[in-house]
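Structures incoming, each one as structure tokens.
Same chain, two partners: chain A is paired with chain B first, then with chain C.
And now, the complex of A and B:
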């Protein structure tokens, strides 16, 4: 299995480290190596058909701030110069145009390569086109890490619950908002909770993407398309963020033994992100930066899964499960 | 796929109904029928190699209180008279001897038949012997429904998290205890909460098996053996139930923003069931009859899954996922 990695920030580096740590696992399960044959960051690249050492790649990136010694301007040209089986596309996301991620994923699928990505932009904007292309070319497009980080929501729906009729998914898909709302439960006003989230590194300087619900909306779109077979995009989501949630609303909820959480909801007919009242003790009433999703299906009823929504190894964990599924299918 | 069902109470009937409701699914996915060729209840049986109608079987059982017109005394003799591929063993559990379930499962595996069961007794007492027999004869023994009902904890560990090193599992494995403790959170004393659980049909007249933690201990043993590869049995578990949890302890916990929950914990070295303090807002602080389990692994960190721990269709849902896995493997 020869892997080309596009994007070598936190997630790409975490994935490389996980590959190094799972060498014995791959050897035992498949009797073969998983090799990284090429890595591209934003403007440099390094390739070796004999395989690159994952740990050395990470060290080089951290020392030199770039992964390669050679510069490039056209990622397609680099991709075409490499023999690879699988593209791991983890370049910075662009939810307006799909960015370089959309270009690279499309090209890999056109070349009949399997793809693993956590890049929300291309999936939220062009899901139908990409999945249709993958099916046509009989290759896999997997994206477990794009929704809920380490929380295996997509594979849970596609594999464990394959015999169920899934009615709806409601969930907390943004850890930053959940952190802020949890702090507000303890009496902090919104602005102060946001400031603390920024100090902790959970929220960006411009927090719009998180607090206005745009990030959650991307995830809702991915679930709508992949689990419910819909053909929707970002602009179809009804979005209300948490910036207008007041301390008074939080107190009023608490007096009824409830909390307010930013919930994304998707079903055959719904596509919404908004603050909702959740009873304390309900599986979606969790505090902190966790993500959670409740899947309601006809036999199992409600099943809730929660886990860390982000993080270097946590996201790599989701990508590892995608890689194992792809390799199992090839056996 | 020809199925022999042993045990035709709530769970067996629920499974038959689910098979009927999934006829189109099986046809589409495998291009073949799933037939029930024989059903045994506690002392009658009915067989037909052409397939029995699942809904008629349920109606007969509910009308006549027995599924068959013919009586039997030796289940092995009936099993040997039928051509089947898979035994579904859902007879009443016996955690002291393993009961008829242990006899039937052992015999089916000896005859190289696949087995799906939710029968905790045989699994908690003889796991190692059964799984070794299954491996030797290259057949499958699956038991997702034996722990946590609809909550797909075992398949989550074995499939979604296959590349992870699982460090520990801590969970709420008994809905009756969780219902009682949730009522105590609201100020009810233990005896009153237990009485309400009995009135609701959640607790039995003799509640020992639930409230003393024995049922949770069975599940902890199944997880220890199946997920951690240990070879332990019921008597190896350190068990403390909830009958000694006082209203004072609950109030004291609440004053520290905590709840008390009956937690089963298993790791390479731990095997314990006991009441524990859980912070409010933690994924294991859930209320009501739900089951929940938190799996901690090296990459994903903590992942928590919760769902209905019991119920006719909920348990059948777990058995359906086992059936689909077995049929996928045969493709």
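And now, the complex of A and C:
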């Protein structure tokens, strides 16, 4: 299996480290090596058809702040110059246009290559087009890590719950918002909780995507399209963020034994991200940066899962499950 | 529909089963039974049963089976499971506005009960109200959700509802 990695930030590096740590597993399970043959970061690239050492790649990136010595401007040109079987697309999310991720994924699928991505932008904007392209060219497009990080929600619905009619999914899909709301439960005002989230590296300098619910909305779109078979995009989501949730609201909720959490809700008819009142003790009343989801299906009833929604190795864990699934299918 | 019936059966072996079996015969589902031996009238024992049944036709059929088996019906009526939902409003409004909103909502659906509480702090221009509403059906709840969502959007009020 020859892999081309597009994007070599935290998630890309985590995936490379996981490949290195699971080398023996792949050899035992498939009797073959999983090789990284090319890596592109935002400006530079490095390719070697004989395989690149994942740990050296990470060290180079961390030391030099770039993965290769050669610069590029056209990622398609690099992709076309390499023999690879699978594109791992982990470049930064762009929810307005899909960014370079959309271009790379589309090109790989057109070239009949399998794709693993955690890039929410292309999936939230062009899910139907990408899935149709993958089906047409008989290749795989997998994206477990795009929703809930290490929390295995998409594959759970597609594989373990395949025979069920899934009625709804409600969940906490943004760890940053959950961290802020958990801090507000303890009496901190919104601005202070946000600042703490930024200091701890959970929130970005511009927290708009998180606190206004845009990040959760992307995940809700991915679930709606992939689990419910809907054909919706980001613009179809009814979004309310948490920036208008006041300390008073948190206190009043607490006096009724409730907390406020940012909940994404998907069903055949609903597509919504909004702050909701959750009874204390309910599975969705969790605190901290965790993600959680409650899937309601006709036979199993409610199933609740939770896990770390982001992080270097946590997201790589979801990508590893996608890689194994693709390799199993190829066997 | 959910039905509660108070029956009187003869104080003889097999009479209790004989009064409950017809519910299954009309595809009903028994939710609860109270066999009250202390409540006797004319040598008959009181049986209070709550069950789900598909509709009025099945209920009529059930009544005629009970009659044919000498089971007396002393009282029968529908029971309802109510739906509750909490709505929190955050914004610039008065208590009178919330009262008006609830009055408007009661034109759309009928409340079983409604309760409003407000945050104690009122030092800022924003105010927070929590409305706990109890209605009869999920359809009423959906209507109420829509009503509050639309009203709050129009009034520039942040609206947070329960699960």
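Quick note on the criterion: the second predicted complex is superposed on the first by the 331 of 331 C-alpha atoms of A that agree within 3 Å, B and C clash if a C-alpha of one lies under 4 Å from a C-alpha of the other, contacts with A are read in each partner's own complex, and residues count from 1 in each chain.
Note that a residue touches a chain if its C-beta (ideal position, glycine included) is under 8 Å from a C-beta of that chain, and two chains touch if they have at least 3 such contacts.
These numbers were taken from a predicted model, which means no experiment stands behind them.
Shared-chain residue A:256: touches chain C; no touch with chain B. Looking at the shared chain after the overlay, A:240 reaches chain C, while chain B stays out of its contact range. Looking at the shared chain after the overlay, A:282 reaches both chain B and chain C. Touch counts on chain A: comparing chain C and chain B, the chain ahead is B. Once the two complexes are laid over each other on the shared chain, residue contacts for A:152 go to chain B alone; chain C is not touched.
Within the superposed three-chain model, A:248 lies in touch with chain C and out of touch with chain B [touch as defined at top].
In the superposition on chain A, A:274 contacts chain C only, with no contact to chain B. Under the contact criterion defined above, the residues of chain A that touch both chain B in one complex and chain C in the other are 282.
Put simply, chain C touches chain A in their complex at residues 86, 88, 90, 117-119, 121, 124, 126-128, 130, 132, 158-163.
Across the complex, chain C is touched by residues 170, 240, 244-246, 248-249, 251-253, 255-256, 258, 260, 263, 274-279, 282, 284 of chain A. Chain B contributes residues 18, 22, 25, 150-152, 155-156, 159-164, 182, 185, 280-283, 285-288, 290, 292, 297-308, 311, 313-314, 316-318, 320-321, 323-324 to its touches with chain A in the complex.
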